[in-house]
Each structure stands twice: as structure tokens, then as C-alpha cells.
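Order of writing sets the chain letters: A, B, C and D. Residues in each chain are counted from 1.
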């Protein structure tokens, strides 16, 4: 049997539009120091570092090497993972495997981003095939707009339904001191915000954010000594399905459907809506909050809007989603997936402050990116069998 | 102690100057198919995949997206290490040790022919303090060579011997890019790039892909009667700013080797290791890395090479494949070192076979002037 | 379809580029370093109070001890040559499009080396431990090349 | 470098720095472009296992992990399966300049293929553009063997 692994602490920067006071290395240092403070550990206790972001977002090649001053990786095993938007969640999954391997006891996992330092859409566009996709594609916004158009066409969902997702996440963000956009918006404000790509408008989309997140993963036996109520990793699963955009199946998010079914099976979840207490999902835009929760099996296809309007996913509802405010309120891309995992762990540990959901035993976090890819990490209060 | 992990199959494309007919995906598909055949395993029995690539070299953010179809990861768990393949293989190994998977496919690709190495390697350097100086991999390596040779009295002739040996070895490796019969004089007289590095002290830019398949012991037995065991792995990083370290040292390599040897129970590497495949991006690096790997004392890398010990017929053959000097595929190069070590241990290295290899070391590097090193000890 | 279409296909190449503009934050620590050079031709390092290392360029944190660095300290401006190379090939990335000479220079009072350009010296005259001094550019803009290069100290 | 005030915080700009690339199209893609350039024909490739036809042609069927080699001609007409109209301006990473907007962008399932082909869509009459619309490729007169040899797709009259 593999070693069990828990998240024992984390640190986030206060995420902002632009952090001129620090360079990228110093931003990483800030999050890392906060994670160490959170756990009472020093860098000497850390036996390895994993870090990730997207090269062309900051224009830095070999970020793992460049960031050593701030990551604490001097003299330590240091590794970089990069999978685009899923980078943060990919890092969390790696944190799990590397500690579960028995080769590490206290592993520092860092995701970061300085979106302010480049043109995000230009940078994202370089993620796609230079010969076939790049000249017509317009980054995440165009891809997501296409998905939204198909969802509306297939199920009759409306822009107003989607706006309800933004309203929820932005309301939740007011409770999270680390979130970037901490101001409520109304349905009307979302609907009347400037158009980006039909049917998406400015307030349907995530912002561009500077920020970093560091999470410490520890092995069984070590974790309990660091933290009275660690967040145990119950399971991970992911799917990175496509090479070409045109191969994707725009009705729904197949990668999330497949990954979640694998994860539920592993962990023994039969009714996710009832058995999972809170979700921190990488929903980069409003429509994802309708359609992707269907893929997670919370309701039948096309019924996402009903769950939203019924308040099921609000704080206080049956299954709160994104009590942190989610990605629509804060998106330092290379950190975003890891923030979801860190927030899910905070909920399990009971350390989520004003955004705490009562009695969380099982929490799910997700990452999204690449060519419609999905990563999942589930954490819980009880050691897995 | 960790469970036993085996490498059950390896595959590599030819490493060439310009694979203009092939996309990243084409190269990856070729390497993966070879590895599957070598391991006598089907793609459906591979339960997870780790790819390795570099977004700058590929000219593509999320460079792994190009090879999702070709690496056979459809509907499987997959991840991507950005950096040398030895590091990706390490992560691939932990995914088995974690208990989550039985068989990991690791595949790396790179095509240096598609970009301009000066631009790509300049981007390794800090944009505020270093990039404006116009630094690249060659000019920074030259400073390391200068410092190393000055501190220990290493000679240009000793460096040249490495180039002569490795290019000669490449004649026996059908996958190598640049086999050449050279004399020390040829190397010394070749065009000066940046003192003291000359053209024939430097590696070419090569295209290629390499794949390997890792399996836990119980799974390995189903596929092969010739598993190559992972006896130890270690990796570590030095600080970033070149002036923060003494470039004549390679502390990160020493630390990485110490971990790997510790895990493998190796006390006297020069005595216990039968063969080394290391990351010789420049001729002086083979000398420096043999020191870091503990094959000789500090400052004795030049003497070790001059003694003939590192030749294929010597006491500790280094890079019988021809090394990076004969084929430098960047992120692929370290994975090729592992693949070559595996072939040697299995006795399948054909003309470049070194007799009776039971324990071999493979080595990979990330970052400028060997900032981050990964060391593998493999055994029969 | 016949198999040989693969063989008689002309291999096409798509010539392109990546041109994403970046605006890197220098940060408060780096900004102080560069503005001191710009305004006062003074080179500053930062000292770690735990290990006594003095870093140039200055770091907000000591990468070895992983704590905030302590006081600013003025270093140099003269220093000692640790390692060097003369580049012999052309690159449009070289400042002024001239193949540069590089050095790692340990400025007096610093424990680390600064990578920079060397000038006013024949490559054959370069020696380890050689004494060097900075030549400042006019006008200065708050850029690492406000130090134009280091040259041998003439006594 | 530019600066902001209080305290002075410098920013380092990359200016017009760029990295050149020579992306290999590969045999499969090159074959597609040869047919497009020389004959205004569109080619797909069929998987021997699942029989799906993919455009553009590539060597590997991802789901089957099968090597493909059976080229098939597909139509230059098809059905719009998804689309959007870009209304915000952004930097084109291939030029470093703002991309002109608005422009239409969509996925067209070409007749005879099983996946979608991504391209610009002509948007002069937005009211006629909808999911399910029948589309056709509009070819350029001068073709060089790139995706731009198709100007865009337009709604069939």
C-alpha cells in the first residue's frame, strides 16, 4: 500500500492586478514564506520543490532554475511541471505522487503568475498549433466563447443563467482577503458589460492577476506532527485529451466527465452532490459554472442553471462551489489550479476564515487548461483506507 | 526502502540535424512505438504517461499538447515535466512508487532545428540583469570552462580528448548525429566560439525523441525477463546567479550523485560503476561531471580522460554512445543517456556494447552551466 | 491510396515567430540598485545577517538562508575578475551588435560575482584576479547597461 | 525602462524582441497544403481502426493509437458546429501587433469528415450565422501552401 499524503499548510499572496513592487522571484518568495509560516516549518525542513507556470506568459525559459532564490530550491531536488492552465492542478497531483512515493516527507509545491507582464491572450494563443490553430485562434476567450455558444444552442441556457455564476463567485470573493476582485456585481452589470466574443462579456471572464501560491505536502506520520487536522489526499485523476482544437467535442467537457468518474470510483463516491461538502473549481468563465458541474455529475445535462438559481452552489447551499470567489474573481493562471487545491484543503482543515463552509469532510478541487483538459484532486478530513 | 522499479523498454529516433519531414508528434510516435515493442507491451497496458519538452525550444506554450495523440495518453492520466527527460523519468517513477500506477511511459522530444539557439538560451537568463548583456549557453559555458580550467590547470588538450573520443564513439551508434574521426589537433584548430571553447568542443543542435517504459516489479515480470532495475536516483539544483557559485565546482551534481549512490548502496563509484552516460554539452563538462560523479578527485577530470580510462575500452567508459557532443537533443538528451545505459546493461548496444556492464550511471542537466543535475544508477 | 504519397510529399516549413511583448517588474530591491547606479554611480549590494553573504545584484532574500536580507551595503565600485570569455561569433542579441567580452566580477565588499561586460582590454591581457573598475554610461536610464562595462584599473 | 513614482519602481521592457521559428509541417500536413495550394482540394485521413476521418491529416489517431495513411478527399463545404465573433482587440503573437476585430471564428465539420476544421468565418451578415449553418470554403487566388490559402468560410447561399 502506498504512503498516505496530506496537505499541511499553504501560503498565498494577496492577488492583485499588478505587483510592481516585486519581480517574479520575489512574488514566489512571498507565497513560499507564508506557507512556511503557516506550517511552522523552515526551508531546512523541506526536502524538495516543485514549481510551475507557463514560459511564454512571463517570457522566462527554465523557470525552475531562474526562481531558485525565491523557491528555496538551492541544493534541493527541484522540478518544473507545465501543462498550461492545468499547471497548478498538475503540480498538486505531482505533490501527491512524489510524497506518496516515500522519497519525500515535506515537499513544497509552488504555482505563480505575473499576468501583468505580458499580453495574456497573445501568450495563450502561442499554446496552440502554429500551423493549424494559431493564426485564427484568439486565446482562451475565443475557445470558451465557442463552448458557450454550443451549450446555449444545445440546452437553451441563457446569458442570464451564466451571469448568475459570476454573481455567486464575486459575492463569495468578498469573504476572501486574498482574492483579486472583491466587489459584488449584479446580474445587470454582468449582462451589460462590454462584449468580448459572443456570447461572452467582460464580466463573464476571469481577470488577469499577479499572484503566487505555495502548498506543503507531507507524508503520513510527518503530517500529523505539523498540523492537527491535515487535509488528506483521497485521490487524483486527470485527462488531457486533444492535440488539435477541432478534435474537441464542444458539447460538454469530456475530460472532466472521464476524470471525475475515475476519481469517484477510486474514492467510492456514488452521489457527488450529497457526498462532497464543497468544491473549488477552475471555472475560468461563467458558463463553465453551468455546464461543467453537469459533467461532474451534480445534475443531468442541461440542468446546471437550475442548480444555480436554486442556490444549491451558494455558500449556505447544499454544495457550495468556490467559496473563495473562484477564478472569475482571481486568476494568476500558473497558480490558479493550485489555489483551488489549497482552498479545498483550507476548508477541510477548518482554516478558511469567513469563507469557511461548516463541517467539511470531503472537498474537490479542479484544474482546467490546455486543449479542454481537466485535473482533479480530492481531499478529506479522514485518512484514506 | 523503496519498491523495485524496472525499466522494461526503451526507444529512440535517430538524432539528426533537421528532421524537416517530421513533426514533434511524428518523432514521439516513432520513439513510443519502439519502446512498446522493446518492452513487448501494448499501449493499453500503459496506465499513465509523463512527457518532457520545453516551451521555448518548441516555440509553443504547452508544448506537450503537440504530442498528446502521439504518446498514446488518450483517456489516461498524464503529466508533463518541462526540462530534461531524466527529471521526467524521475517523476514517472514516483507515480508508480505512489501506488497509483503500474506502468509509466516517459517520452521526451525536441527539435532544435526549428529555432535559434542563441535566442532560446538567452531567455534562460534574468531579463533585468543578464539578458541585456546578450548572454547565451555558449558564452556562459565558456566562462565556466575558463574558471574550471584556471582553477585546476585543466588543459585544452584534455578537453579536446573528450571530443575526439565521443565523436569516434558515435561511429558505433547509428542514432548519433555527428560521428567524426578527429585528432586533438583538429579540435584545437577548430574555430574559436568563445575562449576557450572551440567549435569541436561544443555540441551540435539535434532533433529527436526518446521514450522509456517504467514498471513496478510485479508488472515488469509480465513483460520482460531482462528488466533493468532503478537502483538509485537523485537530483538537486545550484543557485541561479552564476556569480553565486564557484563555476569550477558542481555542488548540485555532487549532491544529486550522493543521493543516488546512497539509495543504490554505492560506496566507491569509480570501482562499482561499469559505465557512465553523461550530459557533455561541451567537452570540458565531461571532465567536470566525472569529478562531480566521484569517478575521480576534484580537479582530476583532465587526468582521468588523458589516462584513457573513459574510453570504451577503459576502466570506466564514459559516453560510448558518443554523448551530447555527437547529438544534442536538449530535453531529450538525458533520457537518451538512460536509454543507452539500459541497452548496455541488457547487452543490446550492438557495436558500441561495453562488455559486462552490470551497473551504469545516466545523467541529465537543466539550466545554464549545469545548474540542476539528475543522476540515475541502473543495474542488471 | 498508394503508400508512397508519404515519400513524394514536399516537406513544408511554416516560418513564423513569437513576438509577445513583456514588461518585467524590476521590484523594489532591484529598482533601488539600478536607480543608485543611475543617479549616484553607486553600486549597492544586500547583506544577509545570518550568513554574512553580500549579494550583487542585491536580493530581497538570502537564497541560502531563506530569510529576508538585511542592510544595504555599498560595494566596489572596483572588483576582481573571477572568470571571463571573449566571444568570437556574432549575435543580434549582443549589445551594440559587437561580440562582447564577458566577466564575472567580485566587487570589493561583495561575496558573490556580478556577470557583466569587459572593455578596454585585449583578450590576451585578461587574467584571473585582475583588478577592474566600472565605466558608467552617459546618460543613464536605470538599466543594467548604465554600467557600460568594467575595465582594468590603471594605477 | 519606464518608471512610476513613489517609490520609484522600474519596469524592464522587451521592446520588439522576438524569437524566430521554422515549424516543420510534416509529411501529413504538407500533403494537405500541396492539395490545397495546387488543386483547391481538401484532404483528410482515415483511421484504419475506428474509420474516423480527420482534417487536417496527421499520423496518429489519438483514441486508437493507430498509424493512419489512407488519405481521403473531403468536401470544401460543411456544417458550422460552433462559432464566435471576436469583438475585443488583442495582440497577435505572430506579429506583435493588434489583431483587427471584429472577426468571425468557427469550427466547420467538412462533409466527409468526423472532426471539425477551425477557420475564420465571414461575418458581413451576422444574422445568417448560426450553429448548423451550411458553409463553404472561399479560396484565395494566390495560394502558398498555408492555412491562409483559404480566405475564410462563408454561409452557403
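Note that a residue touches a chain if its C-beta (ideal position, glycine included) is under 8 Å from a C-beta of that chain, and two chains touch if they have at least 3 such contacts.
Keep in mind that this is a model prediction, so the values were computed, not measured.
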{"item": "Intersection of contact partners for chain B and chain C", "value": "A, D"}
{"item": "Longest centre-to-centre distance from chain D, chain (CA-based)", "value": "C"}
{"item": "Between chain A and chain D, centroid-to-centroid distance (C-alpha), Å", "value": "29"}
{"item": "Rounded Å distance, chain A centre to chain C centre (Cα mean)", "value": "36"}
{"item": "Centre distance in Å when chain C and chain D are each reduced to the mean of their C-alpha atoms", "value": "41"}
{"item": "Where chain B touches two or more other chains at once, by residue number", "value": "20-21, 25, 56, 59, 68-70, 74-75, 119-120, 123, 127-128, 239-241"}
{"item": "Where chain D touches two or more other chains at once, by residue number", "value": "9, 11-12, 14, 19-27, 29, 58, 62, 91, 93-94, 146"}
{"item": "Junction residues of chain C, two or more chains touched", "value": "9, 11, 13-14, 16, 18, 20-28, 30, 34, 63-64, 143"}
{"item": "Chain contact topology (line, ring, star, complete or other)", "value": "complete"}
{"item": "Residues of chain A touching chain B in the complex", "value": "1-3, 23, 52, 54-57, 59-69, 73-84, 90, 93-94, 96-98, 100-103, 123-124, 126-130, 236-243, 258, 369-371"}
{"item": "Residues on chain C engaged by chain B in the complex (per definition of touch)", "value": "9, 11, 13, 16, 18, 22, 24, 26, 30, 34, 55-57, 63-64, 82-89, 91, 93-95, 100, 102-106, 112-117, 123, 128, 143-145"}
{"item": "Chain C-facing residues of chain B, complex", "value": "20-21, 59, 118-119, 122, 127-130, 132-136, 138-140, 142-147, 150, 191-197, 239-244, 247"}
{"item": "Interface residues, chain D side, partner chain A - complex", "value": "4, 9, 11, 14, 21, 23, 25, 29, 54-56, 58, 62, 81-88, 90-94, 99, 105-107, 115-120, 131, 146-148"}
{"item": "Contact footprint of chain D on chain C as seen in their complex", "value": "1, 3, 5-6, 9-28, 30-31, 34-35, 141-143"}
